[in-house]
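What follows is a pair of complexes built around subunit A, which joins subunit B in one and subunit C in the other.
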Partner chain A sequence: MIISSRFIREYYEYLKKDKLGLTGAIIVMIFIFLAVFAPYIVPYPADAWGYAYNIEQRLQPPSLAHPFGTDVYGRDVFSRVILGSRFSLIIALGVVSIALLIGVVLELFAGYLGGRIGTFFMRITDMFLAFPPILLALLFAVVIGRGLLNLIISLSLAWWPWYARLTYVQVTTVKNMPYIDAAKIAGINTPTIIFKYILPNSLTPVTVQAFLDMGAAILEAAALSFIGIGVQPPNPEWGLMISEGWYLIGVAWWISIFPGIMLFLVVMAFNFLGDSFREFNNPKVRRLLESRGI
Partner chain B sequence: MNKKAIGKGLIVIIILVVIIVAVLGGYYYSLLNSQQSQPKKTVVVYASISEMTSADPSTEFSNSIMWLAFTYERLIYYDPIQNKLIPELAVSWERSQDNLTWTFHLRHGVTFHDGSPLNADAVIFSLNRTITLGQGAAFLWASVKSIEKVDDYTVRLHLNYPAPIDLIASAAYASYIFSPKVVQYAKASNATDPKISDWFNAGNDAGSGPYKLIKWDPKNEVIFEKYSAWWGWNATDYPLKSSSAPDIFTIKIVADAVTQENMLLAGQIQIAQQVPLEDLNNLKNNPNIQVVTKPSFQQLILLLNTKKAPLDNVLVREAIAHAIPYDDIVTVARYGYARVASGPVPYGMWGHSDQFRYSYNLTLAKSLLVQAGYPNGINRKLLLTYTTGDIYEKRSAELIQSALAQIGIQVDVRPLSWDEQWALAKSGWENPNNAQDILMFYWWPTYNSPFDFLYNMFDSQSKDFNLGYFTNETFDNLLSTAVTLEGSDREKATTLYLQAQQIIYEQVAGIPLWDMTYVIAASSSLSNLDMAINPAYPTVIFPQALSLKS
Partner chain C sequence: METLLTVDDLKISYKSGNYYIKALDGVSFEIKEGESLAIVGESGSGKSTLGMAIARLLPPNAIIEKGRIVMKDIDILNSKPDSIRGKLISMIPQEVGTALSPFHKISTVFEDVMASENKATNILNEASKILAFLGFKDPERILKSYPHELSGGMLQRVLLALAIIKRPYLIIADEPTSMVDAPLRINIVEILNAVRKEFNISMIIITHDIAITPHLCDNIVVMYAGKIMEYGKAKEIIDNPLNPYTKLLINSIPRIKTATRFEVIERKNTQIQFYKGCPFADRCESFMKGICDITIPRYTSLGNRKVLCHLYNDKK
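And now, the complex of A and B:
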């Protein structure tokens, strides 16, 4: 497996030299911290969840009491932006892991069995790949309905073909390796071969890709929420907050600017981190690092 | 010559041809333009949020009122602010003792845009076509038995039962008079031939109003030109006009308020139908912009599903009515540009009363829920639907959501397109358990009577808009008596309408939220805007009343 203590130590050493990657990693760690502890650290939890409103405090510009100002219902934008990170993290993890599960499991079997079954699954994958993922997700979201869970499901359904294709390619390469032939000759049963030998050896590219996709998943979820078919009010999802504030951009810029900045930072951080992770997993880079004794 | 040379020669020729065509075309175009621009025409552009719908004056029952109202004319024009009927195509009218016969004396010297004269035949043709087609708001004329031509300029309507024909003749829909020659223009066989509708919808008009339709592109822009032969420009008894009305009036579709505001500030449009209300103070301080506010008959109302648990219990409905912070909703949703509603008949309409307001009282609301048998709140999420894209409905709905959460009622607020929302709501007559629990929508009058509000939204016969499925025999009887008295005994009718509203109030069949105040932002170069807006003809700007400062 690629995740091991040695691996983490190596990556940590690598990050020390990769400033962009390090910045990304720090922002992502802050983001995860906020997402986990948001309800306990925000100054106005009721505002954050959206179940309170305060008419006297509406549309206040940023101040000490409300660092990011207040929105049209008088809710504290700062609290909502912070809690919004939890929604984005849930979406990113949810989408990527469900898509990974579907894509990897499906193509693991398709790739190993090959032949007609493999072709059949690959053609289905191709059909999905023919659509831009955002359009497909839009379609699913409209059909199965609004809300956080449905948003995750519809994005995952649009997302898995990318992982499927990567896995398929990897599996077809790995299954022709001599050690798989050796395992077959030794009489080891098929499930064991698939899960014990093929899966671990084909997982690296798809995991790297999944890591790269975290930012994209957050961005697309925000886009769907922005047009109103993702997370529903009064929940504080960033895309939704931008769309709520957009109408008042001339009067109260702070309502949509701050969630926008957060969205930008987090997506950028995930991309930096993903890029550095990909570089690190590049065999040439690895060999170079190893030659230097890292 | 080899192949290559032929190719080069061809390319040179093609380029030359293109250049020559472009030069000639450009010269011709500039010639055309310079000819057009010689008499300088004044233009006013009005930005509309919604697209225009159909163009048939008999059947149209939607957004196209925005221009039908000044391209066509009615027999009578109604001014609801002064509660005055103003003669339009009819100079005078009288009714018989038994209120069953109405006689209209038509104006002389009126011509339609095609040059043909307005006479009794045209009026009878128009009304008959509208009544026979029976679509849109044609139901207004349900009381009419027959229409008789007394002489060329006198028309008599015979009724089955007394009805306020003067109000109906001034309605915003189904009241328009047009030239009978449409039959020839459309090559139709008779007045109800669908070919006539097609002819209208192709962008033709046959009206007599101060402006005629010259460009019909309902999804982008619709353009009108002043009709110089309009009778009203010189008529002394008709107030709705101006000596410096624009030559060209354009309705431009701009689907959102923010863009409308920017276009207004940039001078691309002169009138904005909607601007973000929170921005009004900035606009008011801008010397180039004026803001006009006017009370309207447009009301935002909740219809409660009276046939589905838990809202079939009047105590639960009452609890909800007392848990809604009406003043806060007006502040947040309309930035104060609305009036907390009292009863389904809006403020300013006859038959309105200030005694139908629910108090905002959470203790009372909670105790009502306990009485109803829900001490711990409702155990399922109630579904509230509203029309997607409308920011005022959205904010009202979201505030109601958080307000009801405080008495233990969770609400699922769902924006739907009007078609979806309406289809779901209408299915409730078949199966109320599948429909929404709370429907939020606007009502504005077809003609100026409480009957229009009360019948459409609450009568058990009104399957299209009674979307709370309210059935109450006493209420229905009160309405059917009141409507026959409207034409003869307005006072008695008013009393009955108040009794009917008392039933709605006690049964909480609907919860009226607010009566909208229209807010129009316009360029300061226009004056008389106040007169050009009339709540009886919602969303219309009457361009003939506008004055342009140079």
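And now, the complex of A and C:
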């Protein structure tokens, strides 16, 4: 399987040499730490969840008490930005894993069976691929309603065809490899061949793509929240916070700017990490590493 | 000895677009229990197709037009592939480097192969016994390694162990000596002979290397353009080839001491389905105008041997 201790150790050795990838990995780790422990480390938990209103402290510029200032209801922007990472992490993981599950399972069978059934599934996938994912996600979000869970569902429904396409191509290649024929003739039964031999050997490009898509999923979720059909107030989602502050940008720039910077940093970090992961999975780079004795 | 496998008038074509390309054109032969048979021929002669048909590994565009393959009263072509593979027939693939999944340890593959068998036997013990028989000094380490940690020769022996662990009646080896160095070739021939003796397994050796066949096989089938050109005992064929194509093959064996020059005539008509007479007519040295290019030759039996050539049709 692709997740093995040997694999993680090799990737760690590779990251030590890849500075951009290392930066990405550090930022992503901080982001995950913040997302997990946010409610316990923020200075104003009630502000962060959006329950408290301190009208007398509204629109205060950044200060020691409020490092990122306060918003239009007097809530601490710093606490809200930190807690916002939790929403973004849930969205990133949720969207990518649901989309992966749908895409990989569907096309594993379509690719293995091939023929008319495979073509049928691929044409359905092509129908989805004809639209930009944000447009489809918008449509689904409008149909099934607002909220965090519905946002994740609608984004994943728009996202799976990309993984499906990749998996299909890979499965059709792998199923004709000599080791699949060898496994068949040695007498290994068909379910074992599909799940234990074809699946892990087909997953590498899809996992790389999933890594790269984490940042994009956060960005698109923020976009949907920004136009008001994603996460609902008073939850501190970054896109939503930018949208809450953008009409005051001339008066209180800090309400929108700080969530924007966080969004930028995290998406960039995921892209760096995804790029380095893709490089690492490139066979030529791997061969180079092996020759260096890693 | 009892007959193990009977191939009867097998005709297979490949569909490519609107064309049908003939791969096998009426092939019949028999294998007895414990016998080893070599299928010799050049690329495109249909020898791999024959092997794949017996192992039920034909690609989807192959069409079986006619014929039967019967083994132990089981009709191979009409039974479920899963019931045949491993238990009745096993195969050693040609490209050993890609014949094992890069994500799995050797032990995992052995366990998966034996998954449907009786659980009481210890699979890994059994596997290491066979690996030790095949000449590995530390089979435990081999079982723990990934395929990329082993050399080509080691992988080939591992694949042989995988093929015989279920004790099939027949093993098909596709070009067993093509991927290894000359000294290792002898080694593989010895191992295959030892396996045949120890486990009483019949073998089909598909090869274009006619030089190894007398050391490895009892009988030889020489194929050309989907037809059997000559069939007989290995030593007799090597010593005294009857068919002009077999003569060409044996003269082509490179020898170090006596560098003989020989002329290989290239095939003029590459699309083999368009011949009218003998398929080998356009390259044959003993080509007889008015006979070879018009009429299809018949099989002539000379003792144990069967030859497809006009030269012997008249000598009845």
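Going forward, the second predicted complex is superposed on the first by the 292 of 294 C-alpha atoms of A that agree within 3 Å, B and C clash if a C-alpha of one lies under 4 Å from a C-alpha of the other, contacts with A are read in each partner's own complex, and residues count from 1 in each chain.
Just so we're on the same page, a residue touches a chain if its C-beta (ideal position, glycine included) is under 8 Å from a C-beta of that chain, and two chains touch if they have at least 3 such contacts.
Only a predicted model underlies this, so the values are computations on that prediction, with no experimental measurement involved.
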### Task
Specify the outcome, clash or fit, for subunit B and subunit C once both structures are aligned onto subunit A.
fit
### Task
Using the superposition on chain A described above, determine whether A:P200 touches subunit B (first), subunit C (second), both, or neither.
second
### Message
Contacts for A:V251 in the overlay, against subunit B (first) and subunit C (second): which applies, first, second, both or neither?
### Response
first
### Task
In the overlay, answer first, second, both or neither for which of subunit B and subunit C A:A182 touches.
second
### Message
With both complexes overlaid on chain A, does A:P191 touch subunit B (first), subunit C (second), both or neither?
### Response
neither
### Query
Where does A:R58 make contact in the superposed view: on subunit B (first), on subunit C (second), on both, or on neither?
first
### Three-chain overlay, vertex subunit A: subunit B-subunit C angle, C-alpha, nearest 10 degrees
140
### Task
Would you give the minimum C-alpha distance from subunit B to subunit C, in Å, for the three-chain superposition?
43
### Message
Using the superposition on chain A as set up above, list the residues of subunit A that contact both subunit B and subunit C.
### Response
none
#### Entry: In the complex, subunit B residues that touch subunit A
256-258, 261, 276, 278-279, 282, 328, 331-332, 388, 391, 395, 398-399, 401-402, 405, 413-415
### Message
Applying the document's contact rule, which stretches of subunit A touch subunit C when the two form their complex?
### Response
1-2, 114-115, 177-190, 192, 196-197, 200-201
### Query
How about subunit A: which of its residues touch subunit B in the complex?
50-53, 55, 58-59, 72-73, 146, 228, 232-234, 246-252
### Task
Note which residues of subunit C are touching subunit A in the complex, please.
55, 57, 60, 81-82, 85-87, 89-91, 93-95, 98-104, 109, 112-113, 115-116, 159, 162-163, 166
